[in-house]
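Written below as structure tokens is the structure these notes are about.
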């Protein structure tokens, strides 16, 4: 990703086919983790209706207008305390003069280096109470649950939600520390699996910690690579192939603990840190 | 694709991740071309509202219930005469016993052969009057125009429409013969560009006519291969990478004749038959 | 691979770009493991010189003429007891009528299915005494050592040898059981890494045991997938990219135990069975 | 490729897995074309024997010692006037401090950008008299002819020669202008076909002229992209998959004019400039 602008303690990064001003905003801080996750409405009326609907359900936020490239943002916390920012007004990304893309149906110049990430794909939160957040996501935001991990006798350990035709946009996984508001990972989408294989070599050379992958998830079938950026946050590079959520009446796919124990699609055992590393770090008991 | 069932003169084929009963139905006939293009509604009420809305605009159809795996279908013609079938009720694909997929979030067993197509991607119609159909698509069906080819001084020569988060689902191109109801091509999506390169070798060995590609379209940026199936219809194997239509306020991208003349993304000249071959064949003047 | 012919208890398989009659011969037996590994000479005189040279070093074998597609074969055992078959005369593969490849610089019709393996790549033997075999390989066969794994204070634990411009053709790894003549794996080369990713899905669907991968070796940098065929032998699907051994004076690359402990190229830990599964199985103490 | 050093009017470039000091040397000049093509011997005695053998055939050159990273070089012209430099002594590439590769069996740090070329692959000369050069190549240099293009009734129009286990290292094509000593193209090898697809986008963005491709040659089956570097020389990015020349008794594959007329492997017509653009440019009659 390329740096777009710096503002105060923040650096704004842009993936090459993001039509908006920035894709990820990095802010200097004492610790790691995620702050706001912005979600764009389908239109100005849709945004109003959504806020009204959320309020009726008892989910209230407030308006701010403090972000580069965005108009008014309705800040609202999920039950676990992650901040979402709902908005409609946005500025389109403008490539710097002399760096316009060759194809005009593309936001920025194709970089052709590293992981070559095209756009943001999804955010996976950690939450103390996964089902409690499901109500907010499904009833409040109108998200659709596509897959989930069951526990022996309790509530789901993780739920995948979609707000689009992708098979997931937001994921909630149980936080083993019981903490609230933490991050499991942020995922960026590449055009090909080869981009991810190449990124693995690039990370190897750059001394970036590769946690696990490249491999294919059984859940959602995503081809993945997990790395830890220098600040400690887990970043996923992912490719979904041509998989989309095309069924409006998709029956939720539930994975039992036994199925989960089989590891990833091609038999790779899930690495222990995948269940113990979240950001920001919290004291372990 | 695998054969699912035969019924009368028809063979039903299924791509390995289609959640519905069949992906393409081939019917023995005296000539080539496309018959019905089925479009599923987002829900039963959405279907009712859509039909009511279309009727208000003067677009009327009628109900049939005659298709394998589908409930009632509302058959309606676009202004050019292509038959669309709107429906809600559908049967989920059931893999034959012993051939269940290893991953339960997938419809059928992964074939790992040939082009390995995952699902239907889009249909490209030919039409005598492209803008005339745009009214039906945009005002009637609620489609969004994402890209188009302009002519020197007349109406668009081709328009790409989306009904989803894909950047296009239906395309209308001007029919140079002035005929109505014809087909330019049907496209099937693969997970990777490598699947398409491999398909090229498979088609070469099988004696299937490769018309053009593999290459990348400038318009919509799709990686493509065009072949003619033995009956004469043009089939595209396509891969969009991670490209999606995520902007609800996407400004239509218009390509001028000069831009079109530059050929495909990497400079490949558009092959003449791409402008002269449609199905069914019609007498040329 | 395709079956070429059956003879007695044996089935002969052919990879699509092997110019010789067969690539692998499977023979029904009570247990698994490797029998003969055939190595073709550069010419008839080269074969004679090689045999003479081996005899001078005290390595003697004997002639047989008993193999489909091969002329006289000089059978000779390496010090560990693996049987090598040196030969010159061979019959070119003839595709069955109607199945000739579209491109005449290719042996057989391109299959476009499964792992799509193009040719045999290498054989990795297990040996009780790795350095003892190195003398036979280097002084006797004229092989070149390209990489090796060192032990704390003893002899190399594994050595990679090349007889060509590939970076390795034969590998000897220490047999932890102290047995002789066993096999670690046989490797088949694919054209692309994508062929290997696809093969992983095909094996998943077919219930073939995937031992580890897809991933990239640090040693030799090969992209790999290890599976166990139903008889128990480990098969590697491998892709070397454009890597070749182009330096006649290549300094052997030695990997220390500490370096080895870092796992594969992208951090994957070497799976325990990689060090405990060889064929045929032997009683463990 | 990365710049290694500048010396006088020359810039030395290095591909990331070239074990020698440099891969390509660019020298400022009034026109384009190729100067020396260096070919390393298998050893010091092999070099002496080769020079002696060439001299016996009437091919004589002279020694120079004027090149960065190389010891004495025996300069000798092919009959068409292309300068070859035969040598044994070479300095191994040393990565700059702090830029050592993560894997020690690799020459330089993996770049992960652009075409990502791993090494030089081959050089394709133009020659006034193709068969005249074949004598020098086959009898003199010991090259093996692997494929060729026939003409209606005359000598081969192009011949592919190998000096290794690759299927070709040097190619001679007839120069339609009757000129001597010109270049058709220099080819660089990538690890994957995807590297080449990505390079096409990178060239598109950079305004580099893409002449033809990506596609697959029927002859030698190489996956290719041809671009013209700013100085006018044609550069091929190529990938051979797992294809190697493993048969010492390979029967030459000959392509007739009719076969050639079918275009490249998947039906792409050979672009006219492929037959009319060589470097340096010469006045056309």
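Here are some notes:
Every chain is named by a letter (A, B, C and D) in the order it is written, and numbering of its residues begins at 1.
In this text, a residue touches a chain if its C-beta (ideal position, glycine included) is under 8 Å from a C-beta of that chain, and two chains touch if they have at least 3 such contacts.
Everything numeric in this text was worked out from a predicted model, so none of it was measured.
Note on connectivity: the fewest steps through touching chains from chain A to chain C is 1. Rounded to a multiple of 5, the Cα-based rotation taking chain C onto chain D is 180 degrees. Chain A and chain B have CA centres that are 31 Å apart. Taking the mean of the C-alpha atoms as each chain's centre, chain A and chain D sit 46 Å apart.
The multi-chain contact residues of chain A, meaning those touching 2 or more other chains, are 103, 192-194, 201, 204, 265. Contact residues on chain C toward chain A in their complex (touch as defined above): 193-194, 197, 200-201, 203-204, 210-216, 223, 225, 265-268.
Looking at the complex, you find that chain A touches chain D at residues 101-103, 109-110, 112-114, 116, 192, 194-195, 198-199, 201-202, 204-205, 207.
Put simply, chain C touches chain D in their complex at residues 17, 19, 40-43, 103-106, 118-119, 121, 147, 164-166, 189-194, 218-221, 239-244, 246-250, 253, 265.
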